[in-house]
Structure formats: structure tokens, C-alpha cells
Amino acid sequence: MKTKEKVIEFGLGLSALITILTTVGILWVLLVEAFSFFGKVSIIDFLTDTQWTPLFDEKHFGILPLVAGTLLTTFIAVLFALPIGLTIAVYLNEYAYPGFRKTIKPILELLAAVPTVVYGFFALQVVTPFLQSFIPGLAGFNSLSAGLVMGIMIIPLISSLSEDALYAIPKSLKEASYGMGATRFQTAFKVMVPAATSGIVVSVILAISRAIGETMIVAIAAGQQPRLTANPLVPIETITTYIVQVSLGDVPQGSIEYQTIFAAGITLFIFTFTLNSVSYWIKKKFQEKYE
Amino acid sequence: LDSNRFDEKSDKRGKIKIDGSSTVFPITEAVAEEFNKIYPRIRVSVGLSGTGGGFKKFSRGEIDISNASRPIKDTEIESSKKNNIDFVDLIAAYDGLSVVVNPKNTWVDYLTVAELKKIWEPEAQGKIMRWNQIRPEWPDEEIHLYGAGVESGTYDYFTEAIVGKSHSSRGDFTASEDDNVLVQGISTDKLALGFFGFAYFEENRDKLKLVPIDDETEDNGQGPILPSVETVMNKTYAPLARPLFIYVSSESVKREDVRIFVNYYLDNTKTLAREVGYIALTPKDTEEDKKRFFDFCLKYSNIKADSLENERKSN
Amino acid sequence: MSNATRINRIKDRAFKYIGLFCTLFGIIVLAIFLIDILIKGIGRIDWAFLSSLPSRIPERAGILTAFVGTIWILILTAIIAIPIGISAGIYLEEYGKKSRMANLLEINISNLAGIPSIIYGLLGLEIFVRIMHLGNSLIAGALTLSLLILPIIIVATREAIKTVPKSIKEASFGMGATKWQTIRQITLPAAAGGILTGIILAISRAIGETAPLIVIGALAYVPFTPESPMDEFSVLPMQIFNWISRPQKGFAINAAAAIIILLAITFVMNGIAVYLRNRWQKKIRW
Amino acid sequence: MHILEANGINAYYGTNHVLKNINLQIKPHTITAFIGPSGCGKSTFLRMFNRMNDYIDGFRKEGEIIIEGNEIYNKQVRVEDLRKQVGMVFQKPNPFPKTIFENVVYGLTIRGEKDKKKLNEIAERSLRQAVLWDEVKDSLKKSALALSGGQQQRLCIARALAVEPSIILMDEPASSLDPISTAKIEELILQLKEKYSIVIVTHNMQQAGRISDNTAFFYMGELIEYDETSIIFTSPKHDKTQSYVTGRFG
Amino acid sequence: MSPIETQINQLKAETVKMFNLLIRQVSKSQEAMLDFDKDLSREVIVIEDHVNSFELKLDRDCENLLALYNPLAIDLRLVLAVLKINSNLERIGDIASGIAKFVIRYDKNFDERIIERASIMPMFKTCLLMLHEVKDAFEKEDTQISRKVFKQDEFLDEINKNAIKSLTEHVQKHPEDLEQAFYMMAIILKLERVGDQIKNIAEEIIFYIEAKVLKHTPKKQEKK
Amino acid sequence: MSPIETQINQLKAETVKMFNLLIRQVSKSQEAMLDFDKDLSREVIVIEDHVNSFELKLDRDCENLLALYNPLAIDLRLVLAVLKINSNLERIGDIASGIAKFVIRYDKNFDERIIERASIMPMFKTCLLMLHEVKDAFEKEDTQISRKVFKQDEFLDEINKNAIKSLTEHVQKHPEDLEQAFYMMAIILKLERVGDQIKNIAEEIIFYIEAKVLKHTPKKQEKK
Amino acid sequence: MHILEANGINAYYGTNHVLKNINLQIKPHTITAFIGPSGCGKSTFLRMFNRMNDYIDGFRKEGEIIIEGNEIYNKQVRVEDLRKQVGMVFQKPNPFPKTIFENVVYGLTIRGEKDKKKLNEIAERSLRQAVLWDEVKDSLKKSALALSGGQQQRLCIARALAVEPSIILMDEPASSLDPISTAKIEELILQLKEKYSIVIVTHNMQQAGRISDNTAFFYMGELIEYDETSIIFTSPKHDKTQSYVTGRFG
């Protein structure tokens, strides 16, 4: 009996260990390749050079254009999704009938379940032509339409998680506010939203992290041209797109070109890791507040 | 076709891995597709990693056939040798590298090689950013550049021919191994200028505008010349006309399925190359290819010449 | 005061409509997309489309390879990820409580869940394709995707187990059951609905993934259906990506048609998950 | 004479008839307790007094409730104003996750009151009334969530007092508190009686006994007996009341 | 049956036992008086010990009930009534044994005539009847029966009121009975007190059942 | 202070008031007796009404306390004690007014000698002293004081025991005092009862404070 | 003589000393109640009797607990067997999400009992003992979660009875139930006394009073007083007990 229990525990523990191995694997893969990369390219150049042309003879390894592209699309996406997502969350929580809320939430969550390659298709085939019909200077590949579609993708992330956060606020708080004679609007924005701040912030951070790591939409619709610009109308390249771009070809292992995708990967990793850690920390810190 | 023979063919099994040039990909893809109809159980997969990537795998013995839009380099021969791999290079078709702009682009009538160099050379990066920097009368608008990915033979060939040094160009352009992406980009971008294989232009004639090229030398036709079957075949479309290859591995020709496939390839490339927009080989070229392949097989496959001949005929 | 009250009341009313609009906005966009896709693609879906191999000619092309590849990936990923994910979830929730190791695991998993899929692609490229020499085979893809969805399954398992009240576990212990008996007989059956929901969502995520497969090099012309895990493969999203990248109009239509299929699979799986979740929540009221 | 009058009240959740023809009058400056078995409609009835049931789907009522002479379900009555007049304290302490000060003056700020001095005055007055001032006067800027359960509940009472209601409704205000805090709350309620009319729902019969002047016993949506508290507990008139207080239900 | 009901019923049963004990004691002390039976008198005094410990027990039961079951309404009134009935009964026991003690203390037998003259036996009889009635009333929770005893108590009061006068007359006629007369006086007073106690018991029963307080104020009204 | 404490303190204060009321009544009836003051006697009877309604009120308070506050342990014992003390006190009031009634009923003044002989005044004094003492004991929750009254009660018992004998002797000497002697007999019996009641009160106080039941069984022991 | 004996028990959660040198004996066929303010260690102590604290991190104990003559923390004692001997019923009804029948026989099935007939017999016997048989005999195959709270709690008791323990521990078994169900549970507990020894933790002093023979009063980890229940409630020896039962804590 005892041994059986021990064996089982050991087996289960081993499975859990796989997750550690995955992380170690990721770090190891990224670090090993990035290490050789930074053996050849100074980290200062990497961080300060404003050009990214590692595949060409005239090589520049400035990650900034890729970071700029990534942030630009992310910014557009969040700028678009945050107000809508938050409004939805508040609306569903405070105004909507329970039945409506119950049906609409899974439907909204479908927005997040749509494979991103499909969103890429929309961005390229639907949204860009649509936007071009009234934005003359809009290039075929651009960060605007990719960003907007990415925004649509992350709306449910924000609305759902924020709504969960609002929903987790005890009903008694809402009643307290009503009981004081507050309107629903006041209740929502003076009591519920502040009370759910941590949850809402977490949802936004996760949405940002998701947008930063998003690949297919930008790879399909935003272009493949590293460029340090804030102009949403022209093609740019994100970190993820770059990795895809290189992966579509087959650069020789061990070459600096090959290592660049890991350098880009580790940059991406640091971004998302930081964001995730922050959100994890916030979540942990505020978790038990209402229990 | 007599059904018995068909069955025999449909029973043949095998697995052939092809990778390499995206320029050559359409031809090989077409061949593989047709081939698959006759030999459904010989499984041919075709990757598109670019010529360089293809040779890399080829030299490691991971693939049987490598598509290439340029001849193999010495370094690549070296590493193949290391793995005891010999090869035969067969010409699959000819290509005219096409320089294209968006149909809405009304100002570009032609480009000279010098102008192309000015645009694409490494020094241009960050400097030549507007159309009017090329010719003052052209509009003061941004120029958006698209080009084949750096792993591609197309890129190698283009830089060699235009900039004068292989693999040397500016880096701030939309570069893709996948020429379709370039087509997409250029066809939706009024300020675009790009280059890629002729086939991709052929398939998208309605969305693109071809730019005549003037090499400013008199020996191969005067003034700006558009790529076309004739101009490529008669080499007046200079310097951007080129041959496309497939390389077959000495290890792989030991297998019947590979031999069948290559033979089928050589038999059908003419029609299929045309279909996908390339310029087909002359019959003479084809015969020469077949000959060289036969010899290659003879050398590596340990099969008698007559049975090889039978095998070839049975196609 | 009463002026302030009036303004508040107006704000209240206004927000009601804005909120409704925003909520419907998401749905409308989704609807537009779906309608657009349907218009473009529905006509293309027929038996030939489903049963044909890829082709350079749009009208001849079909999704057989991709569809079968998707099924393969689905099954392989499930086989790999489900046992490990559930086991790890059980371990974290029931065994590794409070220890530093457990804490580390917890943070680690929460981070893994947030790592972009493309990074998993890099991991797969290096470990499975290069080091383990699996090439761009089904198994390499499935392993990569398994790692990708492992955190989702683990988190879902943990959440589901968490909803099982401590009280009934205590009841089981109090009856003299061992830890594993309690997990096996009480905790897992009670959490099954939640775990299943999580698994379905995770797998539906896996079959929609494109980027990591691109990175491990799975984009190729594969005119046959895979027969073993070592075979090369294509999956629906890859096929879609491939078609989207092609400029011919015919391929855009094909892409739309394939998207309809992919969305149908995704939506059905999500629908099942939502249904299960609701039923499970309804059934078990502690 | 009466501060609150309910005439012929019927209430329904959907088809569920939960209050049946209830008539009841409450005098000013008294504490009235509602007792009765779970689900008998106490909360529903209580919450009608400040129309907290308004947002509940399927809720429907008949009859009239007159508070200080006005029928509160009248179209002209704004529910926000009614709730200023009729404060409410809930079962579980539910302070907002704001500072203690902000909590107390919440009812004023949502009505647009901005005068700092006035807010300070009112906050102090309400906290004093709720016998909380001494405990929190040095930490008004601290989060209300840092208070203990009993303090939180007194804070909620202070919050209700700040808008100067005439009636305070309490739905099992001490049921989630420990005995010591409960005793404090009970003391406080007894003190508040001087200035307010209080209606309290409680499951704790001893509590009803200790603090209320009058007790109303509800059973299955009916008001069975309404009398002086000591009478209800020592010599109720109605058999059902007797069975209930002597624990003979079933 | 809920635990409190069990307890309440038990308490009632015990109280009835106490009633019976007392009835026994009083009737024995009557007999002893009648027959000048000093042994029986001693028995009465022994019973008194029983009564005392039974009183303690009942008190303790009530206390426990109050402490552990928190009775309310009719239950509470019962417990309170039992508490009072109990001490009333105990007092009756006291009195009965007091009378028995007289029988013992008085070295001769009492003179039949003076007993006759003092109406001791009618008083005893009435007391016993009243005791039976309140017991009945308690057992049956019948306030009608209970009310009967008020009338009967008036009879006792009457005798008591006239006692001094008639005893004085008697002693004037029979000076030798002087000491006996004092005993009779004491016994009459005691029996009159028994009547009072029983009346109190009746009031407690009415309070218990009807929640009406009869004591003191509404006395006249009720007596009608 | 918790609500129950307030209530308990209030109950105590009320009980002390009841004590005071009784002390007043008894001392007035003593005076009336001493001075054959029929008006004062009537006042005593009027006070009796006060006492009665106060008893009712205290009972009601106890009942409410039991019903609403569910007192336990010392609180419960207090309430129970008060319930009993209350009825004991009321009885004392009864007796006091009974004596006052005699003063009124007996148309002449009592003879000083026979009062002397019957030790009525020492009994009265002792009763009053005892009353003061138990009040004190109750107020101060001091069982020492409470225990003192047991000794004093013995004194009353002594007088009572000898009453018939000494009164018989007296009447034999002064036959004209016969009727008065019966009155004296009755008064002695009443005062003895007052002593008993006070003793009961003392026992209740000890029960309340020390949770010891002194009644009946351990009596002898305690009396030492 | 004693079915349970605790000698010199000390218990710690980490550095928190929650039980201080406790000695206590329990006789067979008695009901023993543990009372005391929240956090005084009642549950901790109770749960030591079937070693339910074993899995809690940082829990540590000193002293010995002897049940039917065996020191239960002895290495030779298997905790699974101990728990068969010492059943437990918890605060909230916690039936497994299985059928009623499966719930009752759970303790047997995990010990490998498969004999259908025997299981049926035992299920019926236990349900009868728990006075639930008549209510559920026709729905043994239905989910236990469909039962009402009070029925669920009786089911949990039946489940504990099925393995024929000699001692049953109950940690506030009625605190989540309505008064009617509570009364039923109390009745049941009183009946069970004939066959089992019962230890019950309760916050409800009346409940302790009503059902227990002996009561142990805990305060801050100490066993202050342990005596007959009626003595604890009417004349406790210790001042702390007195203050607690009269509600004078603070």
C-alpha cells in the first residue's frame, strides 16, 4: 500500500517536472544560441542599432525596429480593445440580464478561440481593403489593420477576465452601493471597477503579453520589413514575424542568421516573461482579498 | 493506357523528399502533383526552404533532390563531399527575373541596371527612400521595396547581376522566401517596387506591372527590354535571365522511386514549366539532361544500363 | 445636488446603450467575418475539396492532407499531453503543496502559459527537429504542441480539482481512504467535467496553432496523407496559411473554404466545452 | 404616527408567491424585528422598503408601502432618493475597498457633495454615532478592509447614517460576526433607536428578544403575529408563533 | 419528538409525581390526626424527607431545562410554573409534617370534640380535594378545574376566620382543653396556609396554560 | 457592558428595592403591633398591594430575562434565586399584613404583658435584623452574612416551640387573656414563618453565589 | 474503562502552540461536547483522534492518545485502520458526488469489499441507524447531492456508521443546517449514543447542553474545565467557563 502510493506520487511528480524541463529547455535553447549570437554581436549594438539586416551582407543587428514593430501593433491592438473590452465587462456585469450575460460570454470567448491564421486572413483580405477604401496611403501590409484585428482577438481576453474580476467582487458590495442610492453607473465606476482593479490590470497585461507574442496575424498582414517607425500605415516587421520569416527559409544551423531568431526569441521571451510575472505577482498579491 | 500497367505503377511505393528553391518550387510541385496521379504510393514532398537551405539539407543527405535557382557553390560541394554525396545538376527550366511595380504606378516606364543598382546596393540603405531620388521627375513619395528572401537563389542571382556581388544588398526591404508574399505586397502597394521569378509574375499578370530593364549595353538588344519567352530564350533579357536546376543526390538514385521520379520530371518539365510560367527547355537541353542523368544513375545505382533503360521507357 | 443626480442618471442611461453597442460590436465583427468567409468559401466545399490532395491549381486542390494531418496531430497531441497534463495537475494540487518546489512549479507553469507559441516553436526546432532528428514530422509537431498546451491542461486540471471541496476529500480520508484512493475515487470523478472542458479547449487551441509548426519547418507541399508519426504532414492552419500566401484568387477561395472547416471544428469543440462546463457546473452544486 | 406602513403587500418571484397580503405599521424610534423560518420572506419584505428588489428579474409586487407619508413605489419617487431616506445594512459587512473616510462619505459624494469641511464633519458625526470614531479616528485614510469584521459592520452602519436616513434596515447584520462583535452591534443598535427607526431581520431569536421593541413573525410568506417582543417570546397568541419560538417546527 | 418536548413531558411527569407524593403525605397526616397515630405521624415526617429531595430534584430539572434547552413561551411558562408549584408543594409537605409533629409532641390524644369544634377534618378533606383538583388541572392542562379551587379555598378561609372565636368559646366551656386549643389554632392556621398554597398552584397552572397572571390584582374578578 | 449584564444588574437592583419594601412593611407592622395603631396597620395592608405588584413585576422581569437573554451559570442562578426570593418576600409581606389585620380585627388593644410573655417584639426584631442581613448578603453577594441568619432563625424556632406552653401557662394565670392568647399564638406562628422564609432567602443567595444547594439535606451541617 | 484517553497533549502549527498539555478521558457510550471560543483548538484536538491533522504542513504533536487501549500515533498503527475505528462527520454535509448507495458503502469498497449482498445489507442497516432509510430507500441510485442539507448530513453519518466505528467524531455537524434539520440530527446523535461513543465540537452551547453528557471547555489551547454538561452550564467551577457560558468574554 505504502509503496504503491509512493510510486504513484513519484510518477505524478515526474509529470510535473516536465514543465520545469520545458522551461529549462526553452531557456537553454534560447540562451545557448543567443549566447553564441552575442559572442559575435555586441549587446550594445543589438540594443541601440536602428537597423535590422542580419540576413544581408551589410549586417546590422539592431533589434529596435522589430521591437518598434511589435510595440506598434500591440499598442494599436490594446488601444482598440481596452475601452471596448472594459465597457463590455462593465455592461455585462452591471447592466445585462443574467441570461444575456450567460449566452453572450461564451460567444465573445469564441472570438479568442478563432485560430490566428484565420484572423490573419481577415486582416489581409477584409480589413485592409476596407481600410484602404478610406485611408489612401495605406499599404497592403500595415500595422494598422493587423493591430485592429489583433485588438478584436484580445477583446474577449480583456472583457472576459475583467468581467470575471468584477463578478468575483461580492454581490454585497454592489448592494451596498445601491443601498446608498447610487446609480448603476456610479456603482460600476466608483465601486466595482476600483475594487476589481487588480483583476482588470491583470487582464490587460495578459492581453498585452498575448498581443506581443501573437504571430500569425502580423506575419500575414503587417509586412516583413523591419523599420523603426510609428506610422501605422506602412509595412513593418515584428519579432514574431521575423522568426517566421526566417523559419520559412532554412538558414544553416550555427550560422549567425540562424542565431538571430534565437536572439529575437529571447527578446520576445523577456518581454512576455516580464509581463506575465507582473500579472502573476499582482494576481497573487490581491487574490485573497475577498475570501 | 492499359490498366494492368497502371496498376503496376500505382503499386510502386516510395518516399521522396525534395526541398530548396522557392523559384523552382512551382515546377517541382506541378511535376510532383502530376506524378502523384500515376504513382499514388510514391510519396513526394516538396519543401521551399530556398536554394541555400535546400543545398544545406542536400549535403546532409536529408533530402533526395534539391531545387536550385543558381548553381551549387564550392562550399556546398565541399560539405556534400564530406557526407559522400555526389550530385547531378539538371536544368529544369529558364527564368527571367522580373522587376515589377504596382499597376497603379504610372510613372515607371523602365529602369536601367544602374538605377537598379543605385536602389539595391547596400549603401542605399536608409538613403534611397523616395522615388524622386531615382529620377527627379518621379514623384516625391516613399519607395517600398520587396525582394526575394536572402536564402533564395533569386536573391543571390539578382544581387550578383545587379549589385555585382552575390548576397550584397540593402536590408531594409520586405524580403520573403515566399514569392507569393511579395506578389501580395506589391499588388496592394502603389509605391512598391520588387523582383522575383517570372512564374510568379505570369500567374499574377493582372495585379502587377512588369518593368522593362535596360542594361545599357548594345550587344544584347537595345533599350529597355521586357522579360518574355523569347527575350529569355534568346538571352536579350540581360542580365536577369537565368537557368533553374534540380540537383539529384547520388545516394538517392540508388532507389527506383527517385529514378522514376526524375525521369518523369525530365519528360514532363517542358509542358509543366510553361504551365507554371517559366520558359521551357529546348528539346536539345532536355536530351542532354536525360543523358547525363542516365550516366549518373549508371554510376551510382549498381543497375545495368539496359534495365535502367527499360525502367525509363516504362514511364 | 439634484443637478448632479440628474447628470448621473443621464450617464447611467447613456452607458447602458454604449455597453450594449460594444458588446454587440464584438459579435457583429465576428458575424461579418463569418459571413464574409461563408460567402467566399462555402461554395467551394464539396466532397472533392475534402478528399483531394493539395494542388497548384486552386480548383483541383483539396484539404485531405491537412485534414488528416490535423486529426493526427489532434490524436498524438492528446495522447502525449493529456496524461502528463493531468498527472502534473494532480501532483501540483494534491501533493506538492507549499513546498518550495511546488511554488517554483506554480510560478513556472503560470509563466509557461504566457510564453508565445512561437517560442515553443523555437524549442521544438532545436530539441525535436535538430537534436532528436525527428525532422518536420508529425511527432515533432505533436510534441511541440503538447508542450504548448501542457500548461493549459495543467491549469484546467488544477482549477477543476480546486473546485472539489476540501470537505469531501476530508470525508474520504476520514473514511480511511488513502490519498490515491481519494484522488482516484473522489477527486478525479468530481473534477472530470472541468478537466475534460480544459482538455477540449487545449486541443482546440493546438489544432489552430500555426506559428510553432512553421518554425519547426512544417510548411511544404505534401501531397499525401501521413501514415506514421514519422511522416511529414500538413495541418489545416498551415494549409490555410499557404493558400493565403498565394496570390491567385482561387487560393483565397480555397483558404476561405478551409477556414470554414477549421472554424467549424474549433467552434464545435468550444461549443462542447461550454456545454460540458455548464452541465458540470449545474450538476455539481456543493 | 407611523413612519412606515405596508398595506396589502403581495410579492412574487416569477410565479412564486412569497409575500401574502401583509399589513404592518411601524412607529418611529422603535426597533422592529422580523423573525421566521428560512425562506419565509423576511428579506424580501425588508428589501421592499428601499426597493432593493427592483433589479431582480421576475420580481413583482402588489400593495403599497408608505414611508413618512409617501407611497414609495410611486412613479414620482426616485429610487436613489428613497434609499437616502431608508438606509440599509447587510448581512455580511460590505465596506467598499476604499479608505474608511471614503466609505463613510460615499453616500454624499455620489450626490455630488464636495465641500471638504462638511464631509469631514459628517464623517466624524456618523462614526461617533456608530461608536467607531475612537477606534478609527487616526486611520481614516487607511483601507476599510483592514478593519475587523465587527468594525467593518459598524463602518457600514456609519456609512448608512451619514446620509441621515430616517429608517435603517438591517438584514441579519450580526450573523457573520463573532459573539463579542455581535454584542457591540446590538448595543449600537439600541443606541441608534433614539434617532432612527430600525427594522432588523434576524434568525437569532435571542437577538430579536434582546434588542427589539416589537417582533413580527413570518411564516410561509404570511405575517402570523406582530406584537411586543416580550409577548411574542413568553406568551404568543398564535400557535404557529408558539411552535416556532419553542422550536417545535417540523 | 424534539429533545425539548421530551424534556418538558418528563418534567410534567415528575411534577405529577410530586403532587402524588404530597397527596400521600397530606392524607397520611390527616389519618394520623384522626387516629392520633404517632407512628403514622413519624411516617409523615419521613415522607417529608422524600418530598424535600424530590423538590430539590425538580428544581434541578427546571434549572437544567432553563440552562440547556432555553425554553420559550409555553415551555418557559411551564418551567416557571413548576418551579413555583414545586416550592408550594414542598411547603404543603412542611405543613403536613408540622401537623404530624404536633400529634407526636402532644403527649395525649386530642379530644375528639375540640377537633370537631375546630373543623379540622373538613379542612383536611377540603385541602385534599383541592390538591387532587390542582393535580388534575395540571395533568390535563385544564384551567376550568384549576379555577374550582378558588371557591374551596374560601371555605378554608371561613373556618380560619372564625377559629379564634370558636376556640375561645370552646375553652371557656372546657378550660381543660386550653393547651389542645392552641394546637388546634396552630393546625387551623397551617391548613389555611395549605389552602393558600394550593390556590397559588392553581394560579401558576392558569399562568402556564393561558399565559394569564391571576395573582394579586385580578383576584376578585377571578373569584367570581 | 453586555446587554445581559445590564439586565442582570437591573434585576438585582429591583430585587434590592423589593427587600427594602418588605423591610419597610415588616417594621411598620411591628410598630403597629407595638402601638396598637390601627391606622398604621391599614397602611401596612396598603403597602401589601405595592409588594404584590412589585412581586409580579419582578417575576415578569425574570421571565423576560429567561426568555430573551437565556442566562446561564451564575446569571441563571441569580434569576432562579430572585424568582424564589421574590415569592418568599411576598409571603413575608402577606404575613406582615396578616399581623396588621389582627391588630385591626382585635377590637381592643393587646395586653402588654401577654405580648411580653409571647416574646412578640424580640421575634419582630430578630425578623427585621434577619431581613436586613439577607438584603445585605444579596447586595454584597456575601454568603458569610447570609449564613448568619441560620443561627438567628434558631432563636425564632425556640420561641415558637415554647409558645403553646408559655401561652397555656399565661392563660391559666389570666383566663381573661384567652382570646388574646390565640392571637398571640397566630402571630408567633406567622413570625416563625417569616424566619423560615428569610432562611429560604439566605439559602437561595448561597445557591446563587456559590452554586451550592443548602436546602433540606445539608441543613444540619450548615447550621453548625 | 475509558474508550479514549488523551495524555499530555501538546500541538503546534509551526510555532503556534495551539493545544497545551491536555488530559482527558472519555467513557464509552457517552456524548462528549467540546466547546470554547473560535480558535481555541477544539477542532485541532478532535481531529487528532483520527489523525486527520497528519496531512497538515507544520503540524506537530506531543503526548499520547490511547483509543481502546492502543496509542494511535504508534508506528504500527495504520492510519487507514484507525479511521475505520474512529469515524468522522464534518461541519458541512460532504457527500461524495456519487449515488446515495455508493456514498454509504464507500468505506467498505475502498477496503475491497465487493460482495453485493453484504454491501446492500450494510447500506440498509447504516441508513436505518441514521434514520434516513425511509426517506431514501427508493432512491438509493440517485445522486446524493440531490438530498437536502439535513438529509445529506444524515447520509454522512450513515456513511460513517457503515464501517462500524467505535467512536464518532463530529465537528459542528449541525452548524450549517436549519433548525429543523438540526433538531433531527440532534435526535439522531442521542440515539446513536447507545451503540457508539460520540465526541462533538459545537459552538452552539444549547446544543452541547441538549445532547451531551459531558462537556469540555477549551480556552486558548487549554482544557479549562471538563465535567458533566449540566454542571458546566449551571454551576461551572472555573471563572473562565462561567464568563464564557454567560457570554461575558471580551
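We call the chains A, B, C, D, E, F and G, going by the order they appear; numbering starts again at 1 in every chain.
FYI, a residue touches a chain if its C-beta (ideal position, glycine included) is under 8 Å from a C-beta of that chain, and two chains touch if they have at least 3 such contacts.
Values in this document were obtained by computation on a predicted structure and should not be read as measured data.
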Minimum number of chain-to-chain touching steps separating subunit B from subunit E: 3
Most distant chain from subunit G by Cα centroid: B
Top chain pair, ranked by number of contacting C-beta pairs: A-C
Label of the chain whose CA centroid is most distant from the centroid of subunit D: B
Separation of mean Cα positions, subunit F and subunit B [Å, integer]: 128
Distance between chain centroids, defined by C-alpha means - subunit E, subunit F (Å): 20
Whole-Å gap separating subunit D and subunit G, where each centre is the average of the chain's CA atoms: 37
Interchain centroid distance [CA atoms averaged], subunit D/subunit F, Å: 49
Junction residues of subunit G - those touching two or more other chains: 80, 183, 206, 233-234, 247, 250
Of all residues in subunit E, the ones touching two or more other chains: 2, 4, 60, 63, 67, 70, 72-73, 76-77
Per-residue overlap in subunit B, given as positions that touch at least 2 other chains: 19, 47-49, 178, 181, 184, 187
Inter-chain touch pairs (all): A-B, A-C, A-D, B-C, C-D, C-G, D-E, D-F, D-G, E-F, E-G, F-G
Of subunit E, residues touching subunit G in the complex: 2-4, 60, 63-64, 67-70
Of all residues in subunit C, those that touch subunit B in their complex: 53-56, 135-136, 217, 219-224, 231-232, 245-248
Subunit A residues touching subunit D - in the complex, by the definition given at the top: 97-98, 170, 172-173, 175-183, 186, 190-191, 194-195, 289
Residue ranges of subunit G touching subunit E (in the complex, touch as defined): 183, 186-187, 190, 206, 209-211, 229-230, 233-234
Interface residues, subunit E side, partner subunit D - complex: 2, 4-5, 70-77, 211
